[in-house]
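As written, the chain order gives the labels A, B, C and D, with residue 1 at the start of each chain.
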Amino acid sequence: MRRKLAALLISSALLVAAGCGDDGGGDGDGDNGAGQPTGPDQVSVGLIPIVDVAPLFLGQEQGFFAARDIELATDFGAGGANLIPGVESGQLDFGFSNVISLMLAQAGGIEIKAVSNGNNSTGTQGEDFGSLLVPVDSDVQSAADLEGATVATNTLSNIVETIVRASVRNDGGDPSTVEFVGVPFPEMEAALAGGDVDAAFAVEPFQTIIRTNEVGRSVAWSWVDAAPDLTVAAYFTSAELAENNPDLVARFSEAMAESLAYANDNPDAVRAILPTYTEISEELAAELTLPTWPPEINRASSEALAQQAVQDGLLSEPPDLDALYP
Amino acid sequence: MLEVRGLHKVYDSHGRRVEAIGELTFTVDDGRFACVVGPSGCGKTTLLRCIAGLLPPTGGEVWVQGSQVTGPPSGLAVVFQEYGRSLFPWLRVRDNVELPLRAAGLPRARRRELATEALAAVGLSDAHRAYPWQLSGGMQQRVAIARAVAYQPQVLLMDEPFAAVDAQTRADLEDLIRSVWRRLGVTLLFVTHDIDEAVYLGERVIVLSAAPTRIREDLAIDLPVERDQLATRSDPRFTDLRAHIYAQIQKTRHPAPQEELS
Amino acid sequence: MTKLPGWQGLQRVALVLGLPAVLVVVWWFASADSDHLVFRPLSEILVAFRETWLGPRLVEDVLPSLSRLARGYAASVVLGVGLGVLVGWSRTLRALLEPVLELLRAIPPPALIPLIGLFAGLGDSRRIVIIIAGCVWPILLNTVEGVRAVDEVLADTCRSYRVRGLTRLRQLVLRSASPQIMTGARQALAIGIILMVISELRGTVHGIGFSVEQFQTSFRYPEMWSGVLLLGLLGVALALLFRLADSWILGWYHGLRASNRER
Amino acid sequence: MALSLRPLWLGVAGLVGFGALLELVPRLGVVDDRFLPPTSRILSVLAEQAGAGPLWSAVGNTVLTWAIGLALAVAAAVVLGVVIGSVRFLRAATASTIEFLRPIPSVAWIPAALVLYGPVRAGTLLIVVYAAFWQMLVQVLHGVADVDPVARDTAYSYRLGRWARVRWLTWPTALPYAVTGLRLAATVALILTVTGELFIGGPGLGAEILRASAGGAVPLTYALVLVTGLLGVAANLLFRLVERRALAWHPAVRGEVPA
């Protein structure tokens, strides 16, 4: 409770008399008391409206969550990195984030815990839900040619830098010479077309948009280069919630595992649900390369990824995966 | 030389047609001082604005220095009643006086010389660097007069310039205008609602009727050229002229039904 | 009871510095022993401030941000006043453009960022365009108001003294509209600072906003709070600078109002 | 700037002209139509969306956040403004602090809002209330300070109590300033609401713009931006009307509005 009190104090100090306190907080503050369930738990989940989170919506549609007394309230945060403070401050019960962000948070002293796998790469070169693209007329043929080049990434000092460096390194190039530029996904097409960047790492639906508009072509599949069957992202919660309400967390993880399995087995259902929570049209959804959704987090891939992040200087020391992962 | 031929002005705004000036024809020779007086709301200001080229007449013509007036003619200066609003509040007194000269493209030295001379003529030689709003009403009107003087116009129009100042200041300004007129030899048309002022100042007084305005009378003022507030105003001839004009204006306000205008 | 001049000055200083001093002291002690991850002690924040902003970052980040703000703001003033004079002066142009301007003004500039992002590339130009997209409106619309409200007697005076063209534009139109233009310029400055910060988020650029965002996402909270403090100081400094410019440019105007109030 | 009732058709012509310009530029290939869709497509997407529910719930959410933020800010500012404004010592003592806190850009608090509340409505509310509060407080303080000394002396001479003075003297004088403050605060609050939704979180038009651009739906992004503009126009008109009605009985006492 102490953290909430401090938050209230500071925010009211900030607003002089008009502290808007906690009551205006997240829509469902999650009845995380461990008391007897008085009806389905109102659970708030912070997400980004992207392909990767399709299983959660499928699980909701298929009733996997309802079956476990969980009613989801999805909240589209402005960006992955912003979800972590939301979950840590208790405003959101669960969040979705890439594993490097989770490791960085743990290193930064944020007490959070992964509860279920998010999504993995397809594991096959030449066909993945994200790739390193260069302008069509660029003379770059493979990742090694990107030495000294500027590469667009949606978030700096994060997972995309690690995997792109992995692609360059595996291809025999020196990754330290690559210069990264922050460009939101929707603006990568314009950046490539305008020649502002030499390459851009884009995920779906932008990978398909850039390719079908003949603005760019893929030269490397960095998720696959980083580690075999790489776990890209995971659902997580705050250590406090995991401690206070293990039952809810367990139920959420089970529902999530069932949803992931269902999504993996029903790609068409995934393509059908995309237009309901994102603005991806049916036609575009049909063309996308989907990630894979194995129910279990691929811990080995996280260790390999973390080791490369340490090598690149992104992480000062290897993360404590036992504490971080379920 | 100022010539008004058959001036006619009708205001037509949003369907309301107001005939301000019926028909006016008169001439003011070079260097003469003519006053225009009439009941309030009789289009005195409209007449002046038409002469100054600020307002297009509906009919008739105005000629200044031999050329027809279509817009503000060169060599003509106007002094407005709202002196506070006709001075630039962001310019110091001297810059206000110099602005028209700068617009006319005079070199700096010449401008400075004319401004200094004009300000001295109106007794403001020590107020050069002040802002207008730092001065009293009377002094602000003196700046406006200095601006007109520095402009060296052939024709000077004044629209009830002293209506908004107190009595003593008005007396000083009246004497100032007469001395400026005599020294510059400018053709001066002085519009006022104050009959005493018209008679005291003018060599001639044009009395206007109520709207639609016509000339009721064009009266020569045969008072001595040297005028001063005490002697002139106590001169019996002054009182006769004043009474005569007053009667004329009273008649125009509620004309006896049968009387036909001459 | 006549006060000694010294006492008078002392009292004024006490009033000015009193409350701020109390607040700082309260903040200092309230946060002194805080081991809280996010709410760092004030002492730590001040140390972070000195280390972060008074070092190389002053040139690497603070200067670029300010230069973009300056360029965007200057462009907005020129554009806003220029277009404002045109629109303000011609009745038809104003009637024609008023609804369009009202719509464009109402769009919150941050909403335009995803769109501007599609055109203006990744460099400074993108951020300057974003700043202009927010700053130009208050200046433009206040200029229009100012130009519309030029005193008719003054306008007639100019016409009768045949003051035309450039002199008229400068001496009559711009000067009489200047109080209203300055009101717009003050609002534009406040919006400019906001857009300076926002235009740097989620991209890569040397700037204050970008740095503060990096601190936040990498959980370096003392540096983050020091960035917030810097933005606060910057806002205050620019507001002060503006007041100086205002009292210099509108010296006549403040005098005029003061004298009217006395009369 | 009052949307004056000039010949309306001229204004409409302006809007149509602007729309036509945005139609031609992409059609003629001056700009790639993937980045600037022609107006016709934007409007058709908007029409489609207007039928569906999510657009209206987004507008509803933005208006809700805006209203909560504005209400909190105005309430706090009026109470504090009147209290501080009426006591000479308080006004003098707080002046410097207010002058320090006012120009702090509300976006400076985005990282703080994210940390305190995370990407939810409360975070957005923090910056909305902060920005709107100062707009309103400054106006109320100007209003209270503008009380005519003669009127105040009269009130004292009739021994009106403190509360009566506030009710019958301070408040009526401050009202025009407060109404102007309300209009300015409302405008700022709306801009900060959308900003908050874009950079912090919480449901509303900002979130929809993010979702549209995250889905590569460029025409929809433009349509949603247009909706924020229209919402802004509606808000400006509404509050200008409120201002004109509240001040209708009041001689134009409001001198130069410093805001």
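Criterion: contacts are C-beta pairs under 8 Å (C-beta built on N, C-alpha and C of every residue); 3 or more make two chains touch, one makes a residue touch a chain.
The model shown is predicted, which means the values in this text are computed figures rather than measured ones.
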Chain whose mean Cα position lies farthest from subunit C: B
Which two chains share the largest set of C-beta contact pairs: C-D
Chain centre separation (subunit A, subunit D; CA means) in Å: 34
Inter-chain centre distance, subunit B versus subunit C - centres from mean C-alpha coordinates, in Å: 48
Distance from the mean Cα position of subunit D to that of subunit C, given in whole angstrom: 17
Centre distance in Å when subunit B and subunit D are each reduced to the mean of their C-alpha atoms: 52
Of all residues in subunit A, the ones touching two or more other chains: 10, 79, 184, 186, 190
Of all residues in subunit D, the ones touching two or more other chains: 35, 109, 112, 114-116, 198-199, 213, 218, 221
Residue numbers of subunit C (touch at least two other chains): 114, 118-119
Arrangement of touching chains [line / ring / star / complete / other]: other
Chain pairs that touch, as defined at the top of this document: A-C, A-D, B-C, C-D
Subunit C-touching residues of subunit B, taken from the complex the two chains share: 49, 52-54, 71-72, 74, 76-78, 80, 82, 85-86, 88-91, 99-100, 102-104, 131, 133-134, 147, 151
Footprint of subunit C on subunit A - complex, ascending: 3, 6, 9-10, 13, 79, 81, 104-105, 107-110, 155-157, 180-184, 186-187, 190-191, 194, 196-197
For the subunit A and subunit D complex, residues of the former touching the latter: 7, 10-11, 14-18, 20, 22, 24-27, 44, 46, 48-50, 75-79, 82-83, 85-89, 91-92, 184-186, 189-190, 193, 205-206, 209, 213, 278-281, 284
Interface residues, subunit D side, partner subunit A - complex: 32, 34-35, 68, 72-73, 75-76, 79-80, 109, 112, 114-123, 125-126, 129-130, 133, 197-203, 207, 210-218, 220-221
List of subunit C residues in touch with subunit D within their complex: 15-20, 23, 38, 91-92, 94-115, 118-119, 141, 144-145, 179, 183, 186-187, 190, 193-194, 197-198, 201, 209, 212-213, 215-216, 221, 224-225, 227-228, 231-232, 235-236, 238-239, 257
